[in-house]
Amino acid sequence: MASESHTNYTAIWAVLLALLFASVGAVYLPFSPALTTAFIFLVATVKAVMIAVYFMHLREETQLIRSLLWAPVVLFIIMTLALVPDIVVERLSDGSAPEVSAPAH
Amino acid sequence: MDVTHVSEGQANRETSYAKMAIWWFLASEVMTFGGFLAAYMLYRMQAAGSWSVLAAGLNPWIATANTVVLLTSSLTIVKAHQAMQHDDQARARKMLGLTVLLGVVFLGFKAVEYSIEISHGYTPVTHIFWSFYYALTGLHGLHVVAGIVVNAVLFVHAGKGKLTLARAEAAGLYWHFVDVVWVFLFPLLYLSY
Amino acid sequence: MEHAIHPEPTTFLRKHVFSVDHKVIGRQYLILGMVWALIGGLSAYLIRSQLAWPGKSIVGASLLFEGGVVLPEAYNALLTMHGTIMVFFVAMPILLGALGNFLVPLMIGARDMAFPRLNMASFWIITTASVILILSMFVPGGTAAAGWTAYPPLSARTAYTGVALGQALWILALALEFVSFLMGGVNILTTAITMRAPGMTMMRLPLMVWMQMSASVLFMLSVGPLIAGAILLLMDGLIGTNFFVPLAGGGGGDPLLWQHLFWFFGHPEVYVILLPGIGVLTEVLPTFSRKPIFSYKTILYATIVAGVLSFLVWAHHMFTSGMNPLMVMSFSITTILISVPFTLIIFALIGTLIGGSIKMTVPMLFAVGTIACFIVGGITGIFLGSAIVDTYMHDTYFVVAHFHYTLFPTVILGGLAGFYFWFPKMFGKTLNPVLGHLHFWLTAISFNILFLALFRVGLGGQVRRVWMSAPSLEPLQHLNVTATWAAIAMLLGQIPFLVNIVWTALAGTPAPGNPWNSNSLEWQTASPPPHENFAEIPTVHRGPYEYSAPGNDEDWMAQDAEPTSAAAG
Amino acid sequence: MLNWFPPEVSTFGQDVDSVFWLIFWIGLAWFIVAEGIIIFCLIKYRRGKGRKATYFDGNSWKQASWILIPGALVLCLDLAVDFAGGHAYHKVKGELPASDVKVRVQGEQFAWTFTYPGPDGLFDTADDKETPTLDVPIHRPVHIYLRSKDVIHSFFIPTVRIKQDALPGREIALWFEADIAGRYEIACAELCGPLHYNMRTFLNVHTAEEYAAWVSETWGDN
């Protein structure tokens, strides 16, 4: 069925760990929060793609299964971007919101 | 009833029932976690950085160790799948056992982390950040538990030499998915601004 | 190695109750859907009676409400249950569960679904969800009463509606229903892709199979955010978190987020219900026009385009909800554009009638009735798609009439077209056509009177989900009364249908394997099909719509008939 | 024309109605075309004695054009409706025109309350007045600042053709200018609990003199 994959999984695993420590370390570097956040999520995306391609053998899959991964990711991005102008807005903070809220402060 | 009759549609996709089903399932799971992560990210953006002071209540070191554990478990389960390609049931069994063990270690770390946070007074109703923290890690944790159960069952099958490649591959795909979710959860919760 | 078919069950339990046979599961879904349809119909009767004669005692309601009077809290619970039952426990089980499960393996020439046990589990999960939904009506605090859309903060806090456990059980019932149809969707897709008979290429699939597959894909890609939202809403209700309830100090959650998560799922959901309805039409119309479906490719590509677009239109349910006006404009444009693929599909279905030799049997009557009514639904959608007109129309009875004109034809009229068409194949007996015709005219006429009256009431400014219409709308009250009498006539119109079923079950004449001389594979085996569907897996030589093919004396040619002359499609 | 709507009394009411009628006539035309073809086919092609169906599957471009052309026509009409609707929408929901008449509308479970800033023009000052009905002058734009105290309500004045959900935790601004004096009904359009049907009040559009009298009577002292 799938070709005898001789890719060295341990090497990929090592790279993943390296990327992990890079992103954890990045938090302590004196860059602006925006830059650090961008770097961290870039690293996370690279790790996700590596796992998908190597560990989940995506390269050997049919186009249908690859599209199964792309469709939800694209829909997720569209939904999140479409919601930004509605949720990420300044809200009332002068106490006129509901009194009947949870005991949580 | 003629069992040997092999139709053109079935022959080239015979072993992919389990894989086809898992990928469809993972597509809907990506959307479910996507809905969660979208809600969390949007609220965090709306809070414009005010959550980072709350996130200080988290312990990134345990989480980093957890990420190492989960990445390693992804390695062991892909080795189990590799072993199954050579129909090496014994090695697959060893690797599956390691995966189950690492999964339990992950949950152990999580339990320790939860107890620390609750002892500091951070409960799901403390603040919406903590509500999201417990909701996200809780749901992910449940998926880890489900993965451990499946892998344990396959571990027993491998012990009796009855494990099939399709099932090992499907369990592997599911476990890698759970790992990918954590790969995104970790920076979102512990490292972001 | 062919997927070994499960052995034929022997005990009554394995044969009829805990069965893994897709045919038995299809029948079980059908019965579940029809029982819920009666309950949903009775709740509609109570709602309409309260609107026509506010505060009065309703005939037959005294066993539910003391004195037969529906109070406002009970009214809100009724409208919540009516919406939830009709969408999730009638439309989905009948169109996806019954028709999907029963037809897909037969139409592609397979012996059963790819995962028979998963298929059985999906039925028993939705049955558990049904039990939970019924239990949620009898818990302290009453039934969920925040509408089937359950907008927070109304649905998130007990203080606002007095409902405590009812809302949580309602969410749980929905979550289980989603799990059930996720399993069903995986099954249909895996089966249709990997288990087709030899020669059954993707372009020779009957369009019903394509519609079931696209409906499953739409459902699986859209349900995720709502599952996330449901879990958050559950935590808001039970634990008291603030995901959707804002805090006085400006923190806390945002109710708009729930609306987005709900409608991101909500709109693809209505296409999940619509597409199998169109799938019924693409099988019934060619069979009784003795003519191929008009432009198989256009319908297929229009369905795919409509499916993709359906993920980009959800916010037209929220034009007046405080959304950013720029977002409102972009969603208004995509919403109005989605009328184009559906125009193509509807005109292609009408094109199937042109040049045909049409026999108005009962299934054909229901199918043509479905198209005729759906056209009204589609056109009134344009009003609601235009943001400025929707500002006036939103949450009025115009919207209620619009979505009934789209959902009712596809689920009830389209579902009944499928029921009368495949009843001989499913149950091996022939229904009485006279009762069928009577059933159609009673249902169709009363449906049109009911909702045309509500269009007018909606234009007059009557707001939706109100226990009593506004005093300023007194001049339109006679329309409310007419609509209620039409609703009662429609419910009574179902009696010939029930009589027909009972009479056929007891004394119906056995049905032949291919009563309508139709081409697709399910008609090429016995009625009802044996346990393993086909004695021998058929080899397919042509598409499913080769009716009146030139050079062929018969006016039909089964998909698996040997190619005798040059007529091989 | 057919008087299906309540009379429109605001400056942009005419725009809303004109877009409605534009869609109505286009829709009616398509309705007649589509239903006409169906009825025509059912009669002409019914299975009489020996009527044989003609075989064409519509997959060739020539035949498919029978439906692609109407589809393209619908696309063009859709775009026309988009532009007409978009223009009117921008007029209603675009930036608010300048105005000195401001009212804070607060929706709470089962009542609307209206707060007027009073002579100093500022909210949350001593001279604010709160009334159960919305009193506005004629021919002058009015700013509404919509809030909600508990659940989602929807501020709906049919005759003025505006509707806007009141979200708890947010203040949403909208405007209208009434050009016919009178007393018009205000309703809540979003399900907000058991007495949602009863959450109604009135919009009083006063002529200039009446408005002055109302102002002096409400703020009697100065």
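Each chain carries a letter (A, B, C and D) given by its place in the written order, and its residues are counted from 1.
By definition in this document, contacts are C-beta pairs under 8 Å (C-beta built on N, C-alpha and C of every residue); 3 or more make two chains touch, one makes a residue touch a chain.
This is a predicted model, so every value here is computed, not measured.
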item	value
Chain C and chain A - chains in contact with each	B, D
By number of C-beta contact pairs, the top two chains	C-D
Distance from chain D to chain C - Cα centre to Cα centre, in angstrom	30
Centre-of-Cα separation between chain D and chain B, whole angstrom	48
Euclidean distance of C-alpha centroids - chain A vs chain D, Å	41
Centre distance in Å when chain A and chain B are each reduced to the mean of their C-alpha atoms	14
Shared-contact residues (touching 2 or more other chains) in chain B	20, 24, 27-28, 30-31, 34-35, 38, 42-43, 46, 125, 127
Chain D residues counted as touching two or more neighbouring chains	150-151, 168-170
Residues of chain C touching at least two other chains	153, 160, 193, 221, 224-225, 240-242, 245-247, 250, 252, 254, 256-257, 264, 322
Chains touching one another, given as label pairs in label order	A-B, A-C, A-D, B-C, C-D
Partner chain A, residues of chain C touching it in the complex	153, 157, 159-160, 193, 221, 224-225, 240-242, 245-250, 252, 254, 256-257, 260, 264, 311-312, 315, 322-324, 326-327
Chain C-touching residues of chain D, taken from the complex the two chains share	4-6, 15-16, 19-20, 23-24, 26-27, 30-31, 34-35, 37-38, 41-42, 45-47, 51-59, 63-64, 66-68, 70-71, 74-75, 78, 81-82, 84-86, 88-90, 92-94, 109, 150-152, 154, 156, 158, 161-165, 167-170, 172, 185, 187-197, 200
For the chain B and chain A complex, residues of the former touching the latter	15, 19-20, 23-24, 26-28, 30-31, 34-35, 37-38, 41-43, 45-46, 49, 60, 64, 67-68, 71-72, 74-75, 78-79, 82, 85-86, 125-127, 165, 172-173, 176, 179-180, 183-184, 186-187, 191-193
Contact footprint of chain A on chain D as seen in their complex	106, 147, 149-151, 168-171
Contact set on chain A toward chain D in their complex	89, 91-92, 96-100
